[in-house]
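I have a structure here, written as structure tokens, and I will follow up with some questions on it.
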Amino acid sequence: MIIVMKQGAGQSQIEAVVARVEEQGFKVHLSRGEARTIIGVIGADEHKIQQEPFEVMDGVEKTMRVMQPYKLASRDFAPSDTVIHANGVAIGGQQIVVMAGPCSVEGREMIIETAHMVKEAGATVLRGGAFKPRSSPYSFQGLGREGLEYLAEAREQTGLAIITEVMSVDEIELVGEYTDIFQVGARNNQNYSLLKALGRTNKPVFLKRGISGTINELLMGAEYIMSGGNMQVMVCERGIRTYETATRNTFDVNAVPLLKQLTHLPVCADPAHGTGMVKLVPAVAKAAVAAGADVLMIEVHPDPARAWSDGAQSLNPHQFKQLVDELRPIAAAVGREI
Amino acid sequence: MIIVMKQGAGQSQIEAVVARVEEQGFKVHLSRGEARTIIGVIGADEHKIQQEPFEVMDGVEKTMRVMQPYKLASRDFAPSDTVIHANGVAIGGQQIVVMAGPCSVEGREMIIETAHMVKEAGATVLRGGAFKPRSSPYSFQGLGREGLEYLAEAREQTGLAIITEVMSVDEIELVGEYTDIFQVGARNNQNYSLLKALGRTNKPVFLKRGISGTINELLMGAEYIMSGGNMQVMVCERGIRTYETATRNTFDVNAVPLLKQLTHLPVCADPAHGTGMVKLVPAVAKAAVAAGADVLMIEVHPDPARAWSDGAQSLNPHQFKQLVDELRPIAAAVGREI
Amino acid sequence: MIIVMKQGAGQSQIEAVVARVEEQGFKVHLSRGEARTIIGVIGADEHKIQQEPFEVMDGVEKTMRVMQPYKLASRDFAPSDTVIHANGVAIGGQQIVVMAGPCSVEGREMIIETAHMVKEAGATVLRGGAFKPRSSPYSFQGLGREGLEYLAEAREQTGLAIITEVMSVDEIELVGEYTDIFQVGARNNQNYSLLKALGRTNKPVFLKRGISGTINELLMGAEYIMSGGNMQVMVCERGIRTYETATRNTFDVNAVPLLKQLTHLPVCADPAHGTGMVKLVPAVAKAAVAAGADVLMIEVHPDPARAWSDGAQSLNPHQFKQLVDELRPIAAAVGREI
Amino acid sequence: MIIVMKQGAGQSQIEAVVARVEEQGFKVHLSRGEARTIIGVIGADEHKIQQEPFEVMDGVEKTMRVMQPYKLASRDFAPSDTVIHANGVAIGGQQIVVMAGPCSVEGREMIIETAHMVKEAGATVLRGGAFKPRSSPYSFQGLGREGLEYLAEAREQTGLAIITEVMSVDEIELVGEYTDIFQVGARNNQNYSLLKALGRTNKPVFLKRGISGTINELLMGAEYIMSGGNMQVMVCERGIRTYETATRNTFDVNAVPLLKQLTHLPVCADPAHGTGMVKLVPAVAKAAVAAGADVLMIEVHPDPARAWSDGAQSLNPHQFKQLVDELRPIAAAVGREI
């Protein structure tokens, strides 16, 4: 951390800041410029120091962080890519993993039928929500345990791995009995109670970026889980909230290569939420693969116009099959396979 | 809801949409323009209809919502202002309520001392966090039950009401034993599991706008709680995330009068989080009062430079007293009192 | 346009609105719901009607636009893709066009050397700024006419087409003497005086999206130029301003397929400004091609660490050559060539 | 500026960076931490150094600016408030100045009538657009010279000062013949050709913040004008573009006190554009005064529902008079007068 003193800050103000830094077990490095004094804070645990209290000390202009606030999630911690295994599927390796399925599990036949179709098209993980975070209390809230059972049956029949969302600490045990991968949705990206509890499980976690989460916050979310002992975390770009209203969200394609550079964790892309519009999903899925994503999550519904949720951004099985076929040569062009 | 058909949409496409609308128990009103056909959806429960599935039907260009998706929280539902009572304090009436205290309860003496000081300056509610949502897992996470006990003791000694944050469904019972008002933080604004559970309690809830929450989402959060039976909800503007980095957040002062027009619930303002900088808090607190806020929440710490959290945006007791004194004539200018 | 009346709006209020609509030469279509009356405005010139005045009429809740406010730029106006020709280069056809070169023309040899290098790597258009919009008045402002002469000489030697920025109405004549394509920068996207004047020229215009411009505003900018008679416009996604600070801008990859669907004009992508970081440019350039861009603009400098502007986002010639080579199989995968 | 080297950057990389810094006439201060080396750049002209080229040098992680990039606009340059005089009106002093009038000058009688009414209510400056930046080429573009003449006549009759927008370098001479204050609109905030040309005039300039301009960019815009020799600049908060769609813009009330702290220039507020909705203008105008604004600009139209532009955010004369009356006690509460 660097502390910039105000122009004309006095010697006693500088000394007070230095004393406070040293009190916390860090060393300082003073740099007196013509206009200002700058205080460098040196120590191995810089990610643990708090900037804020220094900002209200007399004579301080501002503080700036030099190191990332995360450690376990960083490339410095683990230079080679982490590969996560879920029901036989290797996530984060040379093969690009396609996770597909409906937003919500709407019934037994519906999910089983969809599972067969997405498997045939090339998916290896089946997605489907049993507990649903809906923006209206009047909307369908998910089938709960019943939905989990149907998912497990679909896994049984197809051999696919399954992923489903967990929304609350008290649901972890139940969801964990069924799922291969816990999904944490965008709205729970900073639900620290949930993240900490997932850090005490031993199942992979698929962590979505917050609705307006920064890349830094996404990695801090991963750090929360990892600092609890569970190192099997995937991070997912799913579009961010911007001023643009022509699309539901803005898929931040920059995040894909940047995350690959900052972290060793698998990097996922969710073009359905990233765009909110079926007609943009294929092009953005291709872009994500070209940009280096390890995982694609695609919403697929047997009849999108009758979907109980997210119909506007779900592909039908035919569209999904065509998309996967079109993705293969792009994957090949960047040295990967699907 | 209005469904806009594409230019050149065929008769059978229009009929299919009409049939789907009617299937769901709504009536339609067709309007054939020179360029496009527009289908109006008519019914008393418009806030329950889903737009999305219609957007993927053949021939549909887009859908537009006409009515608000919330009902209980709206002005139409309750034309006069809701007044909420907490330990003798009336919130939402002619008197502007000042809630003050530290970000975190750091110890027994600290919170009791602060309670006396903020009371003397004019506050009637004491705030302080016992369970803390911190962006780093390496930061102080709150004193938990111990913190709640100190808060209760401070209430005992001063007669102030108390408000403290609840982060998770499994904490509600414990926190509810102590607090007068549940606070839901910005990061949990769309933690629907938590909101639903709070809807089943009978204590007032202070609901903060999400970090990048819309005004609509804030009111839908209130609707979640109210639809569970708990009508005692306050909504709080606390700054939103924008591209501007000169301040921590952008206090959305427009939200204050707009919320007053849209809802009957008390409207709160949090200038500390809204700015992130002590030096801006007084001016923005004044702005909030001038704009019509019913409640001000202000972070006050006996020694901000030694605060365990949010030091950079906390007033010291002297600054707080001066601020309340300066707020009184502004309150008077808009026909209120502090 | 649709005008939504308030709940309980009276008959005389409705009649006043209807009268005002008809006054302006449009027809109305009334739809009386249980809760509200909705007034549809019908007419061929809907893109010319103003919403705003209706919003302050008594009894009006809000207005909603149904049709796009642009006409000449829309797909409805010209269903097949527009192909623009500049010094023998066809822009918008089956071949993806690569425009490359330095941010600023820094000298004669520098631009000529760069021209030869980018041509060899596969570019067909040379970019370089002679008039520079710099955020500081203390920064290098461009070589002006001298820079234009060097660009023209580079064209002479290489056969490349050239593109350079024009910032002001009074520069159009001078810049037009030299350039093959006028570039309008992000900061001038809503400089309507400039757009109108360019609409009276007969040279192609490369129009960048504003720094926080919507897709709609980008197309309205094109409409400004086209309504003046110049139909040779390209629109360029170059990253938008969001809350994310890990990158300079957020490249809005959604905009690429959406623009292809909304307009017949060539769609360009600028990954250098879209990311601001050399280390992200190749991945985002690949994403843009996979998403369907017709044109890539890439900043290339012989020695980025000594560039007078935009060094942090410029590739060196070696990196550029490698990028173009890696783009070819992706272009092929989406049925294009480079 | 501070240059942070990568973990493990080599000695030769550090030396290369140091050499490059010294080449440009600055001194360096090296700070070797356990993990990283940090290079401080020291010199009186830090606002002139370019960060970017350093970011692509081998071994460099990132650069951080310590000082503001503006000088003449900063509080350090002129500690006391600048007061600007326009036709007898002192702007930036103890008296809060109210500028009022229609968005567009629509005719002779209309502007003269409005001038009398706003003067009577308490305004001292008359606003009105003769050259209009409209988002559609099909909208009314302003009366041009004719509008300027009517404004001048209104000044003649009322003694008010006048302010009107200038959009282009070639309009400066004409507009300057009539106006007392040049207005630069949000869309031209980074039209550097225009700012430079206004820096060579000797009339006050009212500079609006860009549609998504940062506070820093607003002050750099002022610096552009001031560096040309014209020190009479006012800066205006007019709402920024955010993800919130319930209002047209988000009025950034934080900017008011922050600007007062960063600059000596008068700070203005435009609640009409800041909200876009008549029903929010009064509350936000009050907030701006409470937060410390020196100037309020208010759109007033004799019949907003028939305004040719900006009707939805214009007060009628009656509403305006009432607002000014309500503002007086708030001004008094913060030690000012209207």
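By written order: A, B, C and D. Residues from 1 in each chain.
FYI, contacts are C-beta pairs under 8 Å (C-beta built on N, C-alpha and C of every residue); 3 or more make two chains touch, one makes a residue touch a chain.
Quantities reported herein were computed from a predicted structural model and do not represent experimental measurements.
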Of A-B and A-D, whichever chain pair has more C-beta contact pairs: A-B
Farthest chain relative to chain A (centres taken as mean CA coordinates): D
Mean-CA-position distance for chain C and chain A (Å): 31
Distance between the centres, which are taken as Cα means, of chain B and chain A, whole angstrom: 26
Gap in Å, rounded to a whole number, between the CA centres of chain D and chain A: 39
For chain D, residues that touch 2 or more chains besides their own: 212, 241-243, 245, 277
Sites on chain A touched by chain B in the complex: 20, 47-48, 50-57, 69, 133-139, 167-171, 187-188, 190-194, 196, 210-212, 217, 220, 223-224, 227-228, 241, 277-278, 304-314
Complex interface listing, chain D residues touching chain B: 212, 214-216, 240, 242-247, 250-258, 261, 274-275, 277, 279-280, 282-284, 286-292, 326, 329-330, 332-334
Chain B - residues contacting chain C, complex: 2, 4, 7, 29, 31, 33-36, 38, 40, 42-44, 46, 64, 66-67, 76, 212, 241-243, 245
